[in-house]
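Below is one structure. I have some questions about it.
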Amino acid sequence: MGKSLKHIGVLTSGGDAPGMNAAIRSVVRTCTHHGIEVTGFYEGYQGVIDDNAETLDARAVAHIINRGGTMLRSARCAEFRTREGRQKAYDNLKKRGIEGLVVIGGDGSFTGASLLSDEFDIPVIGIPGTIDNDIYGTDFTIGFDTALNTVVDAVDRIRDTATSHNRLFFIEVMGRDSGFIALNAGIAVGATNILIPEESTELDEVITKLKTGRENGKTSSIVLVAEGEKMGDALFMAEETKKHLPDYDIRVSVLGHMQRGGNPTCADRVLATRLGVAAVEQLMAGHSSVMCGVRNGSVCTVSIHDAISRKPGIDRNLMHIAEIVSL
Amino acid sequence: MGKSLKHIGVLTSGGDAPGMNAAIRSVVRTCTHHGIEVTGFYEGYQGVIDDNAETLDARAVAHIINRGGTMLRSARCAEFRTREGRQKAYDNLKKRGIEGLVVIGGDGSFTGASLLSDEFDIPVIGIPGTIDNDIYGTDFTIGFDTALNTVVDAVDRIRDTATSHNRLFFIEVMGRDSGFIALNAGIAVGATNILIPEESTELDEVITKLKTGRENGKTSSIVLVAEGEKMGDALFMAEETKKHLPDYDIRVSVLGHMQRGGNPTCADRVLATRLGVAAVEQLMAGHSSVMCGVRNGSVCTVSIHDAISRKPGIDRNLMHIAEIVSL
Amino acid sequence: MGKSLKHIGVLTSGGDAPGMNAAIRSVVRTCTHHGIEVTGFYEGYQGVIDDNAETLDARAVAHIINRGGTMLRSARCAEFRTREGRQKAYDNLKKRGIEGLVVIGGDGSFTGASLLSDEFDIPVIGIPGTIDNDIYGTDFTIGFDTALNTVVDAVDRIRDTATSHNRLFFIEVMGRDSGFIALNAGIAVGATNILIPEESTELDEVITKLKTGRENGKTSSIVLVAEGEKMGDALFMAEETKKHLPDYDIRVSVLGHMQRGGNPTCADRVLATRLGVAAVEQLMAGHSSVMCGVRNGSVCTVSIHDAISRKPGIDRNLMHIAEIVSL
Amino acid sequence: MGKSLKHIGVLTSGGDAPGMNAAIRSVVRTCTHHGIEVTGFYEGYQGVIDDNAETLDARAVAHIINRGGTMLRSARCAEFRTREGRQKAYDNLKKRGIEGLVVIGGDGSFTGASLLSDEFDIPVIGIPGTIDNDIYGTDFTIGFDTALNTVVDAVDRIRDTATSHNRLFFIEVMGRDSGFIALNAGIAVGATNILIPEESTELDEVITKLKTGRENGKTSSIVLVAEGEKMGDALFMAEETKKHLPDYDIRVSVLGHMQRGGNPTCADRVLATRLGVAAVEQLMAGHSSVMCGVRNGSVCTVSIHDAISRKPGIDRNLMHIAEIVSL
């Protein structure tokens, strides 16, 4: 295909993440640079099925690099999970003369992409956009760095009040299946305990750590709990802890949806820009069913099948470090 | 007393608020300026009862003007509610030769201050420090402006994700008895509805407003709910709304304790600095049992009795404006 | 005129200020609320002369309340200073059936508005939008609070490095004719000296203050200099000071244009929203040649002639307070 | 030496960088964890020469992980460049029983460290702390990520005003010898041109790029200039450009010292924490004259000699990407 590529589509799918706009901009501008037409589909796969779309030129993506959310909006799409839905989508793509599709999203989005590309002759390239960083084949997903800083900023604020009142806070952060956010943010805010799905921590350990901290003169503490933590959520953990440490002034905070938004950080904008360029270049080179990621500082590709089916592991060394410094 | 004032005490009490440190700094430096010694008591009235205190000079309060929380820490103190507790406190104050006390806090803290000053010959001056802005006799309390900006920043983030997914969010903010935060932040984030304790809104009105918004092309909406809202909390409101608008994608977020922390804004630092100077000058002029506040841009005083017993009203005009612009 | 008002225009003029978008949104939505059509002119008066304009409905101003700059853009317009230019502008307004104009800007913009309204039968209402706060008839201009927080955040950063290196910094902030930014921000960052156009400070006083600070144990210092300071700019002041304090490690920073941008604070958004509603209501009530402002917490009006010809005074009491706490 | 290590020293030297406090905290807590005593020296090598130092325990470094600057302060030290100075320093280290030294700083600081360790029997480990990222042997230096985000935030603000007024801005950022900040921030803010010391750009290219941008509909532009850019500084570049594009509204902003300060980002805190642990472990393992860094996501070491004498290269691929997306 190569230089003959004339027209591609781009969409964002799944949960939104800061930096998705920067990725859209990069895809569009790389196309403009190479003389390729780009159609942006609204609300993920639903927009392909409904042919809800617009041509995007370089100016259409001006002044979005610094904005959270996604200008193409996003949605889950049940219809796309059916063969009929995908057929409709394919027909719309063909009707528009679209020769390749860039999908910015998480693993659910890539599953759809993979099916579409397996069933029909339409090349699909994935760009990992999710705050959770839980995608195999890339060191970082777009939005992760921003979410970390949002969490750290919020917990710093809570730390002000925790310290002023000698309190113990259980703070729940996003991560249904993975502890990347909790682990990194936990180190950055000086959490006494970090509870993540990948590690089985016993309540006893948590209690012991808190007691030791107090003995060492710690007057306030933060426990960071990933949503998917095995023992229970932050509220449950707080209640259990209260039973063993009745004289502690314990509070709970669930950071919630604010973790998804905000202006992307520099790192997320640069990552998104790099992956946008790479995705278009992959299509130009005639590739399909790969995800562009970054590994060891360089842009890489991984088969979209691997990206879906495998799980990235947590860095045990970071757990060890968190343990050491949380005296 | 006047120019003969030689030694005063200062403490922070009740919930912490950004700008309390700036107020402490101002009290201390104003004293230094006038050659008055200052003792800072830790953890509110408990520190006076326990004589947990330290002399503060100009350098002791360096580099705190920009920090959230309170370096003197804060606490509720049951013992101070008893006559015996206050006697102990008074004895400690006398033992140290303290001739006046500046109390930075909310109305609970002022009640204690008022009792102490009524029962014993110790002048007490209040400085309103609370994010809720619910104190009579001042247009603004220290911490309110910072909390507003924290809420607005968090809701802006949620707006990114609301817009990307066409969602309706119920967001709960602080304000157990008052809607100052919800009302001002609600206008600033463009909330469709603002639910506050001072107004009785019917569920019907909320539903109607949301429907009208959608008819006018609004694809996402924010409803800001003050903690003390009469119908119920954000979760309850979301569930009730869901019954009437089953096809809406409704989410709930409770902003929680992060609203209390963070570096104070410029306005809060300036306000705290002004009130700190004023409080010391009140003591120097021989006054007692007054709260220093700001009204119509100028520093004012109000009897601490009024500050405790009366309630500031919400600005109806702001409600009206919120109504107009939330199309 | 009152309820018969059918169509108005709105524009932003002069230097941009954070919150101008919130004001535009408020004007537009208030009009929608009252069934009035609104036309937005691009690039200030130039857009009226060139008839570069667009109808704005409630959705056109969605998601701008939180954005810096102005979606209508702004410009100085030499042509509008001529009678011919204003004639062209008036003709375009009439051609479109526009019955009133809302001008968001500073005093230069109001001078144009005043001329237009004096010469032709077109009512004009001003909304004060400028970061400098230097407009008579309002306690606050739109953008001032945001600029203050931008300055305070930047100086807090510089303070980190000043403290780490025991340095003295001269920091220049905006304010060609007025010291509002320097004075308020100076108090908020704990500046040792604040130099503003309204006060004549001698170099001797600056030197003495710095020496006293050092004797009192201060290891780093900030001097905040308003652009329009009489003795000279920050660089000049630093060089003069160096002659008298040769062993100080002195640095200079000019904050520059970043002071104009950024997401508006809560206070600026609320102010802009209130003034937008008020401006439309003024036109509806048949008024002209007034500026809407805020005084003592309430919306007020002032004749645009006074707004142009008089100067707001600096709060001497704030100077006094700055003096006390900067030990 | 290994497990027998009993007492080490730590200092920060050269320009301060956000995250230095997090590194100090990590060094101290890792020592506490392993039962090693730590002495912190104030103001870099000067503190060693003057024996200006303090024992640091786990509590002494509480609540500093989120603060910019360095609690140990920093300074350049001419005396340490002499053999006599280093002898004094060594004598003081020995007198205190210090068996190893951790130096947090840039390459100037490492040169001193290297000399000390070559001339005397005192092991020294370096931790790269500088916002410039210009140290060989590590992918990232502590402070770089924070500085990038500070620059991006400031330029985003300037972009608001640039867009509102159709202006061209030349913005100067730090980087006397290297373009890491300019290149990464330049991509993140969507700069039209990025001028760095490592690339020789001709004025012609800059002009052409700006003209092309305008032809493509760009109404405002940002040119990011690294301090050490070969053609000249931002002001010079602006003046030269003005000669060729006289009708452009060109402005200049020099971001200056604010780039050094501010609360460290999550990434900088995590990096600093990892390198602090690693540095102590290097000393425990009996190593010396190495710098701990991070490469491809893992902690690594490099001989301090290489860190000083070699230069890290700029990523040419990033230059290419910047070129593509800046249409």
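Letters A, B, C and D name the chains as they come in the text, with residue numbers starting at 1 for each one.
One rule holds for everything that comes next: contacts are C-beta pairs under 8 Å (C-beta built on N, C-alpha and C of every residue); 3 or more make two chains touch, one makes a residue touch a chain.
Each chain and its UniProt protein: A, B, C, D = ATP-dependent 6-phosphofructokinase.
These numbers were taken from a predicted model, which means no experiment stands behind them.
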item	value
Chain whose average C-alpha position is farthest from chain A's own	C
Distance between chain centroids, defined by C-alpha means - chain A, chain C (Å)	39
Distance from the mean Cα position of chain B to that of chain A, given in whole angstrom	36
Computed distance of Cα centres, chain C from chain B, in Å	28
Touching two or more other chains - residues of chain D	156, 159, 163
Contact graph of the chains (line, ring, star, complete, other)	ring
Pairwise chain contacts under the document criterion	A-B, A-D, B-C, C-D
Chain C to chain D touching residues, read off their complex	12, 15-16, 18, 20, 43, 67-70, 73-75, 150, 154-161, 163-166, 169, 251, 253-262
Residues on chain B engaged by chain C in the complex (per definition of touch)	25-26, 29-30, 32-33, 58-59, 62-63, 65-66, 139, 145, 148-149, 151-152, 156, 159, 163, 184-185, 187-190, 216-218, 263, 265-267, 269-270, 273-274, 276-277, 296-299, 315, 317-318, 321, 324-327
